[in-house]
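Chains: A, B, C, D and E, in written order; residue numbering restarts at 1 for each.
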Amino acid sequence: MDLHLWIIPLLCFTGFALNLAGGRRWSNRVAGAVGVGFPALAFAYALWVVAQWPALAHPYLEVHRAWVQAGALTIPFGFQLDQLSLVMLLIVTGVGLLIHIYSLGYMAHEGGFYRFFALLNVFMFFMLTLVLANNYLLMFIGWEGVGFASYMLIGFYFHKDSASRAGMKAFVVNRIGDFGFLIGLFYIFSRFGTFEFSRLFPQVERLPVEAGWGGPLTVIALLLFVGATGKSAQIPLYVWLPDAMEGPTPVSALIHAATMVTAGVYMVARSAAIYDRAPQALEVVLAVGALTALFAASIGLLQRDIKKVLAYSTISQLGYMFMACGAAVYGAGVFHLMTHAFFKGLLFLGAGSVIHAMGGEQDMWKIRAGAPGGLRKYAPVTFATFLIATCAISGIPFFSGFYSKDKILYEVLTSGHGSPLWWGVGTLAALMTSFYMFRALFVTFFADPAGHKAAAKPQAGHGDGHGHGPHESPAVMTVPLMILGVLALIGGYIGIGDRFEHFLDPVFATGVPALPIHPIAGGEMTVSLLSVGVALLGLLLAWVFYLKRPELPDQLAASLGGLYQLIFNKYWIDELYGAAITRPLAAFSRVVLWRGVDVGLIDGAVNGVGYAARGAGDGLRRQASGNIRSYATWVALGAAAVLIYMLWGGPRV
Amino acid sequence: MSFVPTVYYLRILPEIVLSVFALLIMLVEGPARGGSRGRRAGWLALVGCLAALAAVAVQAAHPGDAFSGMFRVDAFTLFLHVVLIAATTAVVLLAMDYLPQQGLERGEFYALLLFATVGMGFMVGSVELIMIFIGLEISSISTYILCGFRRHNAQSTEASLKYFLLGSFATAFFLYGIALLYGASGTTNLYQMAAQGLQVSPDGLNHTGLVLTAAGLVFIGLGFKISAAPFQMWTPDVYQGAPALVTGFMSAGPKAAAFAVALRVFYVALQGQSAAWFWMIWAAALLSMCIGNLGALLQTNLKRMLAYSSIAQAGYILVAFAALGPSGASAVLFYLAAYVAMNIGAFAIISHWAHREERYVALQDYAGLGFRFPWLGFCLSIFLFSLIGVPMTGGFFGKLFVFQAALNAHLVGLTIVALLNSALAAYYYLRVIVYLYMRPQEESIACAPFTAPLWLAVAGCLAATLWLGIFPSQALAYALKGAQQLLR
Amino acid sequence: MQLTLFLIFAVVAVAGAVNLLLQRHPIYSALSLVTVMGALAVEYLLLGAEFIAFIQVIVYAGAIMVLFVFVIMVLNAGEVASQPRSKVAALLGLPVLTLLGIILVSRVAGPFQHTPIGLGDFLVQTGPVGQSLFHKFLLPFEVTSVLFLVGVLGAVVLAARREKPALAPPPAEKAVVAAQR
Amino acid sequence: MNFLNHTLNHVIVTGMVFLPLAGILALLLARGDRAVRWVALAFTTATFLLSLHLPFHWDSASGGFQFLQRHPWIPAFHIQYLVGVDGLSLWLSVLTTFLSVIGVLVSWRSIQKNTKAFFILLLLLETGMLGVFCSLDLFLFYTFWEITLVPMAFLIGIWGHERRLYAAMKFFLYTMAGSVLMLGCILWLYNLTGTFDFLAIKAGLASGAFALSSSTELWLFLGFFIAFAIKVPLFPFHTWLPDAHVEAPTAGSVLLAGVLLKMGPYGMLRFNLGLFPHAARECSAAIVVLGLIGIVYGALVAFVQPNMKKLVAYSSVSHMGFIMVGVFTFSLIGTQGAVYQMLNHGISTGGLFILVGMLYERRHTFELKEYGGIATVMPIYAAFFVWMVMSSVGLPLLNGFVGEFLIMVGTFTAAVAHAHVYAMVAATGVIVGALYLLHWTRSTIWGELANAKNKLLQDVDGRELFVLATLALLTLFMGIASPYFLNKTEATVKAGVAAFQPAPTLSAHLAARPTPTLAARGGAQ
Amino acid sequence: MVPLSYYLALSAILFCLGVAGFLFKQDIITVFISIELMLNGVNLAFVAFSRALRQIDGNIFVFFVMVVAAAEAAVGLAIIIAVVRNRNTLAVDAMEELKD
């Protein structure tokens, strides 16, 4: 049975190529049709693939001609379809398609319409390559490629300096992660001689679980995780993601929430066979994930920009996914990945709709001020779907996020790799999540209870002709919102009873016996109740702070003082990086390397030789005085020298 | 009273031919007055040169000694005869362009050129020191006069005087050396000296010290002529002051002839002492290269720059000289041929562009000339590249040959110095090219029309330079043969 | 006897040479040289070189030096007024000379301390010289004629007093520029 | 047809090398700038097409030289006219002919003065470069090597920018200084072996017919190496490069970066590794370290350059450092990567120089601060800009990645000490590479169009579009179809690295594993 | 009996005095005369060697040296005359127009 999986990414690439080549001359309608049509075809193809699923060998492999070949190294264009990639395939094409459709409306009045769709398509192409690859290197194509697409899309408004800077930052920070990833790949190759999963993992599975830090699998796992921290915005490489919000909102939804940033999680899950044998690495993954979850959530508490809130929330949620991976329950991680794709995609699209409605305004307080009486009145669909998504992310029962997050927290607490400490951290982060999400919801959609009626005129920065007051978005935007709303609501149900995880089990069955779990009283229910409690607490607090007692936040801020400043300024991490790395590096390069070594030392030496030669030439010139008797003296001197030499100097005959 | 065999005269036929034509020139020049003065002499000289070249063929057909073993026709003699007479031919042609332009057109010029060539011919063909001395004097005295040919010009006469005084000074050393060699060996025939080994004189005394002193003194005289350091001081001044064309001639002919003499004296007569004099040559080579190239770096007068360059080139030839053996000698011969071709070529163009009273010999005068006169500029560039040692030119192959010989003789240090020097030298040659092509023309310098003789001469030099660089096999074979017969 | 003669005329020769150095007027220097030549002619006689001794006096001292004196007179040469300008000669001249003298005297004369030269047991008279010149040394003898021709030419070219040639009308400096393009 | 092919195989290399010279003759006859351009284009294109004969009739299984042609030239010195192509030179030759066509195209309008001379020199340069890659006689090689020097110095000196004289001089002298040492070594080798024939020398050295003492080998190695290192240019011999690039006209920069620099690694692979393997092994650590310094150093210095061309020039230092590391770790994979990276760098950096040149043609400045927001007025240009930058950054699916990756993998798995460290340091180049290239992109084409002088810039025209699109498609093709290129070089490279004894553990390890062939994979679908 | 060395020593001394004259004399003509002195020194060596070797050749050489000296004198004096016409001085140290 041939699936010709290569067609799926290539469809998206075709969309890209067509728009790149002809988009400039086409109307937005044609460009949009091309830009959405090909992902739609890809989605359709993916659905067809799903239909074929029962009939397939698992995993299904198709290997085409080589991409790179040198000596023992052969990297084919090869695709693999197993449970994990199937899930990813559906998420990417499905959510991707919705966001494409949404963008038709969102971007309708933007310049560079065709460019936007070309780039979205190329992103899809790379993302699909990433998830369908049958080897690490092909995955790396997608990995780097999505980075490129992300770079281009973050900098989509390239005339804004901040946007182009953010794009560059994203790319470079990702590259730092890729550095680790690459080294990991080198290790894999030098140890196992292949990058293909189907050849690599069987070899890995023959190896025992490693005990210390120095084992090859541990090293590989850690290096791969460095790559994951870059792509999935974990400590310490998360800094690019908040800045990435400079891109158009659909981009944030697609790339910086639903798909690309989860690539790290996908990659770690894909490498389960390796991680399972590297418990120390799992420990690191868990710790980093948990800390990131908490850390980002804490920053999210005080952000005023709606997209920044969502960005930090994304970082935080990605932390959860890594917590799951770190606890060696990759299934839970992937589950959360999926639900997160729904609700975070929805949140971003909703935020986009809000921004659209408010003419480009992103500051929640200004939105509130710009929509007298609460934005929910003007944009009911947006509000409703945003509400669903907020509930989902906060872990309100029966929304999708509840199931996945709950599962993760439970597993972290009980799994042999987990510990109560990280569970506590995760739960605290959940509290914060609930708080800041509802804070965002209340501030954005509800009227200011303090009754600041000073309705600032909505700003007309976004697009053209949209400065006519808050309004609901067109159907082309709201329909995707609604579809995602439904998914965010019910998407968790497939995980009930661990069905989803069992579906994925074949992928994660790596031959390592599970560690004994730490049983807790009451089992999963205890944890769930706690989680729900925390979520509701967050909701309550947000309600108190932002609807009931709007003066409280300021008072609290004043009483907290330094801590407030610290969090409000995002722990000054960007500034720290700037002062410790970026600026010294530039200064070092300029002053020491360029001016010092290059111009001073090397060229100085070269020129020094030149000067010396000229100096010698000058000395010779001075002897050429033109005086005959001087010349004769030199001749006589030469004669004496020659004779002395001839008679006493040289070897005797 | 025995008759002198006719074949003896055939063996010095080129010299006879040249002398006869020089005499003819003097004869026709006497009565000639008015506008055509010198023109006729030029054509006569040209015919004489060509006839002399033909005479070389005759000479070649009759190898052997002549005149009580004073003169020897062998491949060595023939090779240098061809080189020298060809050089003179080129200079004669150039003179037909240069002299009228300078207002110097007088038949004596050609006569002197031919006489100088006669002297050089005797220098390279003689195997007897007194004959060599006379040949040397003929060529030197002719050259002294040519240097001062622009006799109303203070620089020209000053150059002539400097060359004359210092040249005579050095010649006295040379002569002293000859005297000592004679005293040590009882002969002045180089091959007889070689046969004796020069260790022990006929009277049974050990004369090593005397011979070595003689070798040193001889080298002083010859070193002066080839402008080898430390006897090079006169070169820049004289080259600068002499008429440009004469400078070209001087840098080629007499230098080549002096090298030939040096080869005969050191390689043949003093071969037994090579271990002693080798280091003298070595040091002179080293000094010449370094002094020549460093001195040239800052020069802005082209003639002066080429003077330093010729010191450096002498250094390269001395590197080959220090290599000893047939490979060293053949490298010297080949390099001389290439050097003569490229140097005369360069001076041909320089002396044409120099214009009346040699107004334009500074580097900045050359700005933009390359594009103004593309063909001449191209030719000059080729000559300069040849002097630098860029492949496909005679200069390169000559250098290659020299370095190969030197390395073969394990002169690694000297070769490295020579290699670095040739890189250094690239700077000042290239500077001329930079001016030719890369600097905008500042003032439009006047330029006389190009005449056919000029073209002929330049084309000849160009052809020779490229021929020696691209298809050197034949010339190489001759040089090798010359070297072998020299050492036989 | 021989030694005495040798020493006397050696002293005369050296004295003449030193005088040549010490005199400031060229004419005295020239005359000093004549003295040296005369003394040398005697030494030649002591060495049995009759022919050379005679032509030394007749040709060298007689003709060539007269030429010098003549030129000095013609040019009305006197003492040179200018200051010596060669620092190199002033600084290095004497040491170098001393060195050179020591080397030459020791190395040239050194090996022959015990080679006696007798008086009158080997004479070179004109006859054999002429024989040799037309026999063994025929070629150089013939070639010297070229040398003299060159000398004549030199005198003509350099010293003949002709009016400074008015530069011929400049060769047509046509628009070479255009022609070459 | 068969006969024709046979004949062509015999003379193809000579024809390819000297066709540009014939072009010079034609150019001399051409009247008018227009005709001159077309003649130059015709001849470079014809040469390019001719050179395509090589890959199409290539025997991938052979690691030796193909299309050999041998004639005695200067018998006294045993100098021959001996040309031939192996896997190493195959693609470099094609790259040369290709970039020459590009060079003509990019000079179409920018060269207005002395057009004929310009194209004559360009064609002469092409002959020289092809000769360097194809000649197998050391004398012939050196001849061509030096011949490339002259036209390039002229191109810089005549058609360059403000400080062109200084740059031309520096270029010439720097390279000359290196090559005279090489000449010395060639002669030394000749004296030791009695021939200039590369094949004979190599066979003799390998078989022990010519024995070199280890110190002799070391000195010979160094002599050759310094000449090549200057050309590469390897840190710290690189300072001529920024000056030469900044001042060179676009075509000059393209050929300089694209081809001339490749003569360095090519020479090292051919001569240093081919003839003096022991010395190469001995010196490899130091050279690799210099290469690594070059990678990081070049990138960091590029990052702070205020001048676009200098930036690209330093980027070359960085990229060429990769090649050095690949060459001197002696692994099959790494060397293959280095060979491929040579091609990639030629295309990518050539492309970057063309892009810079296009801006210069419009604005006559290379200063970074003069630009910004160019994408607003020149969108197509900007697209190609990003494309070529990405190729240079090493975005997978474009060409740059394959080479760099192979080099790094090869280095990592190489059987040399500290291989892991080498690869890791090299990999940092990936980060800093992105840093300076994106910094450049950001400050040139992104951002606000603040400078009023840039507001009226014209986007690319048809000719420029053609050039850029060709290069861009080529980067894509080379990025996805690398086996097409590398299969043809593998046999040669394998034979070349065989002298450096197999990596003990890894290759044994890999040998145990059946590596499926391409065909088998194709069948498995 | 006089040893040969005496004659040779005298010749060397004369030669060196000639050199000294060249180095220290201030007018061109005397410098030229010094060269003649050097030649005379050489001639003495020739004759002495000829005598010691009992050969005629040395005498012949001296003859040729004198011939050469004569030609040289003619040309040299002509050059000097030309120089004086241009410069109006006989000072050696005035000939410094050509220099670096």
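The definition used in the following text is that a residue touches a chain if its C-beta (ideal position, glycine included) is under 8 Å from a C-beta of that chain, and two chains touch if they have at least 3 such contacts.
Remember, it's a predicted structure, so these values are computed and weren't measured experimentally.
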Chains in simultaneous contact with chain B and chain C:
A, E
Argmin over chains of |mean CA - global mean CA| returns D
Check A-C against A-B and say which one is joined by more contacting C-beta pairs.
A-B
Centroid distance [mean C-alpha coordinates] between chain B and chain A, Å
78
Could you tell me the distance, in whole angstrom, between the mean C-alpha positions of chain A and chain E?
96
So, what's the distance in Å between the C-alpha centres of chain E and chain C?
4
How many angstrom lie between the CA centroids of chain B and chain E, rounded to a whole number?
25
Multi-chain contact residues (two or more partners), chain D:
none
Where chain A touches two or more other chains at once, by residue number
620-621, 623-630, 632-634, 636-637, 639, 643, 647
Multi-chain contacts in chain E, i.e. residues touching at least two other chains, fall at 8, 15, 18-19, 22-24, 31-32, 45, 48, 50, 52, 57, 60, 64, 68, 71-72, 75, 78-80, 82, 92-93, 95-100
Which two-chain combinations touch?
A-B, A-C, A-D, A-E, B-C, B-D, B-E, C-E
Along chain A, where are the residues that touch chain E in the complex?
620-622, 624-629, 632-633, 636
Sort out for me which residues of chain B touch chain A in the complex.
161-162, 165-166, 169-170, 173, 199, 208-209, 212-213, 215-217, 219-220, 223-224, 229-231, 233-234, 236-237, 272-273, 275-280, 283, 290-291, 294-298, 424
Interface residues, chain B side, partner chain D - complex
371, 374, 385, 388, 390-392, 396, 400, 403-404, 407-408, 412, 415-416, 419-420, 422-423, 426-427, 430-431, 434, 437-439, 471-473, 476-477, 480
So, in the complex, the side of chain E touching chain A is made of residues 19, 22-24, 31, 92-93, 95-100
What part of chain C is in contact with chain A in the complex they form?
84-89, 92-93, 96-97, 99-100, 103-104, 107
